[in-house]
Every structure is written in structure tokens, then in C-alpha cells.
């Protein structure tokens, strides 16, 4: 049983990377289930129904989100109807959409997917540790996969270690830079601090470098636009063990599609 | 001409990693010059003269620092006398110590080393972009190596790209998690977002996991203590090109020393 | 029925202000109950049992706290035994001490006191709005007084207005600067954004000005020490209406005791 | 010689307060010069040329700004041509507009006006202490008035005390809540931590309370709109002493205009 989890898809370049690169990975690696972080899928900010459908069309099973969930206002129109779209669970009760879902793979195996938001240098959401601890008993699944969308490395590693042995994987997103610390922790949970960027290679976090550089050097507000050119898909492949409900291995993925 | 730059050394475990792992790397890779980030070298918080001397004794040529520079008050006693210790350059004028140095390798080649602090989610220091831009003409060296000690990936990538072609390397530190994005940028500057942790493998950023986890879940203040057990050395090796003053290659290093 | 609520008491100078100035205020204004914020009462950082007893001895009935609650480690020894000491309610479940208390005034009237911490630019605690909403039905009292210890004015005014008509008073603490916006809101809740500083007049937030100024201009860590000299008591007097359980009036207090 | 400095003007309600309340204040108090913070004058976010002209038409001589300077993109079209509009001085060199100005009052007296931005919980601008220290020798004026637009009370009081005796006034803006700590410091500088809100009385910082409350309780993004109804003008009157170039007195102003 093999899972592919793809890091933050940024705009058109990110969607192109999925379209061009994912089919071969799925086939070669015999992937059973694909999750991707889609919080920047529409122009770098949020997601629309059309973009979500496009990504499902390419073969992504579930999309997770993050602090950019609400950037595109269209989401309020369809989030309650899209059962494959998961926004951070630790928003207050009553938040539109769902914070986790359980999905059945062809074989009948059930995969629970949870999205959590960090709090350090982030928004004022509920405690991700307590939220997940209270949620876990409700997830009736063979494997639970957590996308922890957070900034601070201490918080991410902390959550991974805190739930080591209790979930199949804690996979970090948000920084748009893939980390090299992927590992199955001692109790069996697959962990990586960040899956990285799925989008334009020559960019700053998937955006054209000019505007972020102007912002960094002038402190004046800038509109950011999605980078074009060569694009990459980053993520991990996690091998899951049906007997334990935990992970056997975690392998980093980074593929580049040249723009010719 | 080959440079080894080692990521944040955390406490005794980190120093042990240097002692046990660095000699072989230096020999096998024929390293000419070693720089390491030492802001957490003394018990995880700051550095002492004794610890600095210990690290120089192992064969480190220059130590850079970061936001933890002043954690151990002893530093004020020796920082002005230790010409191999570089604290962030973009502190205000009049700050003790030096923000850059130029060092002569045996061959007569001169290496400039600059330490810069990021501002996003960090302290209120001077603009790192402007600081470096103004400093560069003063650095009389064959190669300039920048340790950019920062949190936000956008700021780190931004600085790397802004100075692409102007310095030999922009290497990130501070997050204690090695990133997998090492690369020679298009104009010849070696770049990585973070060199990672040199210290205890089973840890949260080099500290025993209990206290950070308690802090994360209770929000109560905790004393942190350095992790023991297996230890790792992380960093990069940068090949430098004397003709251009830029980088030919950048390769990630991660070695583990088992505690037996 | 009249309540005096005193702003953050900072160190010895703050305690002296209470000792020298409070008795006359209590007598002249016929105060029935006194609450004070004591998070900086011991040397500017936290509180000790001895300092708490000293303040109760001067006639303070209840002490509230804030983000500095745990600065002095002694608090863990006595907080569970001191029923007049209230720490922020919206720390996680299991936090030592209590987040609210109900106190009987001589006349048999019951006053509920709640301490809440803000989240904007503050620690990662539970949502103060939701916490208070869930707590209110449990408070069996004639009046409920809330000390909202927070930084951002929007969060403080927001909480005041959100609970307007539901509690007798929402009184802000933490900034150590008294605001001039005291008012009974339209549904009957007494509100002020900040009660201000009880401590040294010639100071920065109650501390000698040299060290904070050094910190602000050098960014180097400094030890702060409590200011001496003239001292002030700041706070408000709230007149409570037994029929409604709400406020009739709120009046700012600022008295200075010259150090001769 | 008397100066009126008006706190952050928020939207139409704030401009109405200026129109309806300022003429009487100017006449009764014999005001010679009026400065106002205008960073929220256009719909709560930034300023337009039309709004600036409207405010000058009511008798405001100089407008200062803050962290919201660039919210309305129109400002880039006219800021370089409007010599009465002052944006924070401690933005990087090359920022459009000017960070200070010197204005001649009818009597020939020259008033220097400086706008500075704080850094704590704010943007990454240059050090306000160093910026002002370096600027002061260049200001050829009888009096220098500083609008310190900042969040943290320590930074505001710190700057006031640091420049006590060097400028005629350090007046805080940004929190939209007037503080009650106005005072002439020991060396002659008039100081207040915040001038407060000029705008709708029944509001959260000048905005209708519904949206900020929704933001605070749901963490979802909200559009804010300017409050209507009764409106207030807040600020201070500073009496200046030509012999010393410093302040004789500082008096808080708060006037309400009922909406009938």
C-alpha cells in the first residue's frame, strides 16, 4: 500500500507539474492513493472549484489546505460540497468545510486524512496537539495521514514525535522548501518537516522573484504572480503497513519538468 | 578549493559529532576550509571561549553565530579578541565583535565570511539586503561566503537570489532542519535554505524532546537540555572556482555517529 | 456596591503605591472589593507567595495574572493553595491554579473574577472568546469581572463589546499604560482598554529606563530592574448595580505617591 | 504657540469629526498649527489625493501616516507632489514621498514634523531611534514634532524618553485608543503614548464592530467597513515655548459629534 503526498501546488506551474510528472510516478511506483496540498493552487492564493476539479482530474484523490485556505473567496461556495477537500481541522467549530476525511481505496482499505495548522508565527487557531488527540478516536481508518501545515520546525518535529506510533504519517507543508529529514520515527510514523514546492523552479516559493524581492527590500506592498518556466513536483512516497497501520518507509520525491 | 560549512552545532552532542565525524570528511573530501555555525554550541545557548577553542581544536576555522549569539553572557568577555568568531553583521553599529572576517587559506587564497540575521519572525536588526550590499565592496577576498541565519524561507531564498553572482555562497542556518534544495544558482552562487542540525539525532532541534513537547502542549516555560545518544553532522561542501570567485558545486553532507 | 480594580503592580515600587495610596481611596470611595493585577509584583517578573501575602495584607482581595504568571518559579509551589490568585483561564486544561473564582463580599454578594489572555502578539492560548462563552454559565455570582490581559486594542475592545451585557466589566491589563476610553457600554458592561501601571512614575513600564532603552537601541539582551522614586497607583472604580448584575459607572483612578 | 495633533482619522466618520468639531477647537484654543494622522482616512485604509485635499480644506496643515500608508494604491500617484503629506521616515532610502517636512507658520516660526514607524509587532523598517538621531541635525526648525506610529508601549515610551529634551513632542499613534499618560517629560518634551481614534464612537478602532468580531472569533478573513453614527475627534494640544524649542504643556482632547 503506497501513498504519494505532494507538497504545496502553486498556481498554473504547479498544476502543470502535477499533470506532466505525476502519471509516471504513479505508474512506476504503483501508488494507491494521492494527496496534495492545494492551498496555493489557484494563482498562488487559495483554490477554486475549477482548479480543484482539474487536480482531481489529474488523479489526485484528496486536497489539503493551510493558512491560505480562504484567500480565494470562491471556496465558500463549494467547500461544503467537496468531500475531497480538507481544510485545517483546528479552526474553530462552525468553520465551513471539513478538517478531516476518511477515504476508501479500491482495495477497501480506509485512509484518514487530517489537516492541521501550526500556531507559531501563524494564525490563532486551536492547539494542534490537543485537537488531534481529541480527534483520533473518531477516525475509523486503517491509516491516518496528517498534513501539518506550519512554519516553525520545533512545532512540526514536536507534533511528529508526539504522535509517533499513533498515526501513519505526519508530513509538513507550508514553507515551500523540501527538507532532507524524512524518516520513519522509532514508533513507526513517517515524518518529514516539509514536502516542498510543486511549482516553478526559478521562483521564490513558486512566485516570480521580482515582486517578493521588491517587498523584501522596499517593505512596500506588492502583488505576487506565479512563476513560469521549468516546474517541479515535490513530495514523498510513504509505504504503509496494513498490519500495524503505520509506515514502513518514506522516500522523498522531486521531479522537474522542463518547459520547452 | 573546497569549503565545508557545518550547520548549527548544538551542545555537547553537536561538538561530539564534529570531533568524531569531521576529520574523515575533511580528509576524504580534501577540504581546505571549515566554517560552522556555533550559536548553540554551549549547552544549546550561545558559546563560551572554552567551547570555541574546543571547536577550533577539532579543525574548524571560523565560527558564525545567530540570534542566540548573546545567550551565554561570557561572550562579552572574549568576542572582541576572537577574530575567528563572526556574529551577525546587521546588528547596530557599536555591537561587540565583528560581523565579517577575511581569512587566508594556506594557499594564499582569501575567504570572506559574513554572518547575517533575518528579520521575518526574528529580531529587529538592520536590513540584511542593504547591509550586505553596502558591505560587499569592503570585503577584499577571493570568495565571499554568507551564513544567512533566518527563519522565513522567502527571506532566505530572496537573499540568495538577490546576491546571485555577487557572492560565492549564501547558506542558510537557524531552523536546525536540513533542506533538500541545495543548488548552484544561475549566476554561480551556491545556495541552500538550511544546513541543518549538528547534534543529537533523537531530539527536537538538538534538545531532548520532553521539554519542548511540554512547552508546546502546556505553554508553560521550560528549561531545555541538550539531547544525548546518536549524533549527526550536517552541512554542505562547496567547490569554489578561483577564476570566477563563485561556486562550481554544492553537495549536502549528513553523517551520523552512533553512540555505543 | 463599588469595586476597585488596580492595574499591573510592578515590583516594590508598585507594592509601595498600593500600601501608601490604596487605604485612602478605599475609605473615601467606600470600596467593597479590590482586585489587582499582580503578574509583575515580584521584582517585575511574576509573583511569590510572600509578595501575594503582602498585597492581601494591604487589603487586596483578589490578584489576577497574565503572560508573566510563570516568570517566578515559586508560583508552582503555592498557586494551587491560593484561592485568591487567578491565572489566565484560557491556558490548556491541566494548568496549575485556577482561571476564575467566586468571592463573597461581606454583604453576601458574590463576585466572579475571570482572567483571560489575549492571543494577538501574545502566547498560543485557547480562544479567549470561546473560553469565556463556555465558562460563563458556570459562574454563579451576582457580578462577573473580567481582566483581559492582552496587547492588541482590537482584541480588547472586541472582547468588551462581544460580552457587553453579559458580564459586569471587561477591564484590560498588560500594556502598563492607562487608556482614556473608560465607559459603560450600551448594554451595561464597564470597559477600559488598559488600567495602566501601578509602579514607578519615572520608568518604562515600571522598570528603570536605562535597560529597556539599551535593549531598544542595541538589540542586546538586558536584565531589567524595577524603577524607584515616585510611584503611582492606577486603575478604575466600577459601581455595580445589584438589580442588573451590570455596571452603573466606571471612573479612572491615578494617584501618585511622592518619594521623599 | 499652540499645536493641535489629531489621532488616526478613520474614514468618512473621522473626516466628519474633523469638519464638525475642529473649527471650534481651533478658535477657542487659538491653535496655530494642526497636524493629523491620516493613514486610515480613505475608507479606513490609506489615503487618496481627494481625501487629503478634503482634510487640508478643513484646516489641517500636515498629515502624517503609518503602517497603512500604502493601502490605497492611489498614493503612489501623488505622494511625491504633496509636500504636506509625511510618511514614516524610517522606510528604506528611495521610498516615495518624504519622511519629514519643515513648515512655516504665519508668524515665521518653523515647525518640523517627523513620522516614524515602530518595529515591535510591526513592519521591518529601519531603527526608529537611530533614524531620528541621524535626522535631527538636518531639521532646521524652531520645534520638532514626532508622530511615533507604533504598537508596543515600551517602544513608544522608550522613544519619548530617549529624545526627551531634543524634540518638542513625541506623540504616539496607531492603536486608535487614546491613552491617559500625557505629560511634559522632565527635559521638556511633550509625550503621550497614543492620541486615539478620530472616527465612529460605536466601533472597533473606527470600523463597524461586526466584521472585526467575526474575524476575532472565526479567524476567517473579513472585509472591514467604516463605522457610522456618532463620531469623535481625539488628540492633544501642545503649547510650545519659543525660547526653548520645547513644550510647556500637553492637554488631551476628545470631542464627540452626535449624529442626528
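Going by the order they are written in, the chains are A, B, C and D; count residues from 1 in each one.
Keep in mind that, in the parts below, contacts are C-beta pairs under 8 Å (C-beta built on N, C-alpha and C of every residue); 3 or more make two chains touch, one makes a residue touch a chain.
Owing to the predicted nature of the structure, the values given are computational and were not obtained by experimental measurement.
The chains that touch chain A as well as chain D are B, C. More C-beta pairs touch across one of C-D and B-C than the other; that pair is C-D.
Chain B and chain C have centres, each the mean of its CA atoms, that are 44 Å apart. Averaged Cα coordinates give chain C a centre that lies 30 Å from the centre of chain D. In chain C, the positions touching at least two other chains are 92, 124, 127, 130, 217. In the complex of the two chains, the chain A residues touching chain B come out as 121, 127, 129-130, 151-155, 157-159, 161-162, 175-181, 186, 193-194, 196, 202, 204-205, 209, 212-213, 216-217, 252, 254. Put simply, chain A touches chain C in their complex at residues 92, 119-120, 124, 126-127, 130.
Taken in their complex, chain B has these residues touching chain C: 70-71, 91-92, 94-95, 123-125, 217-221.
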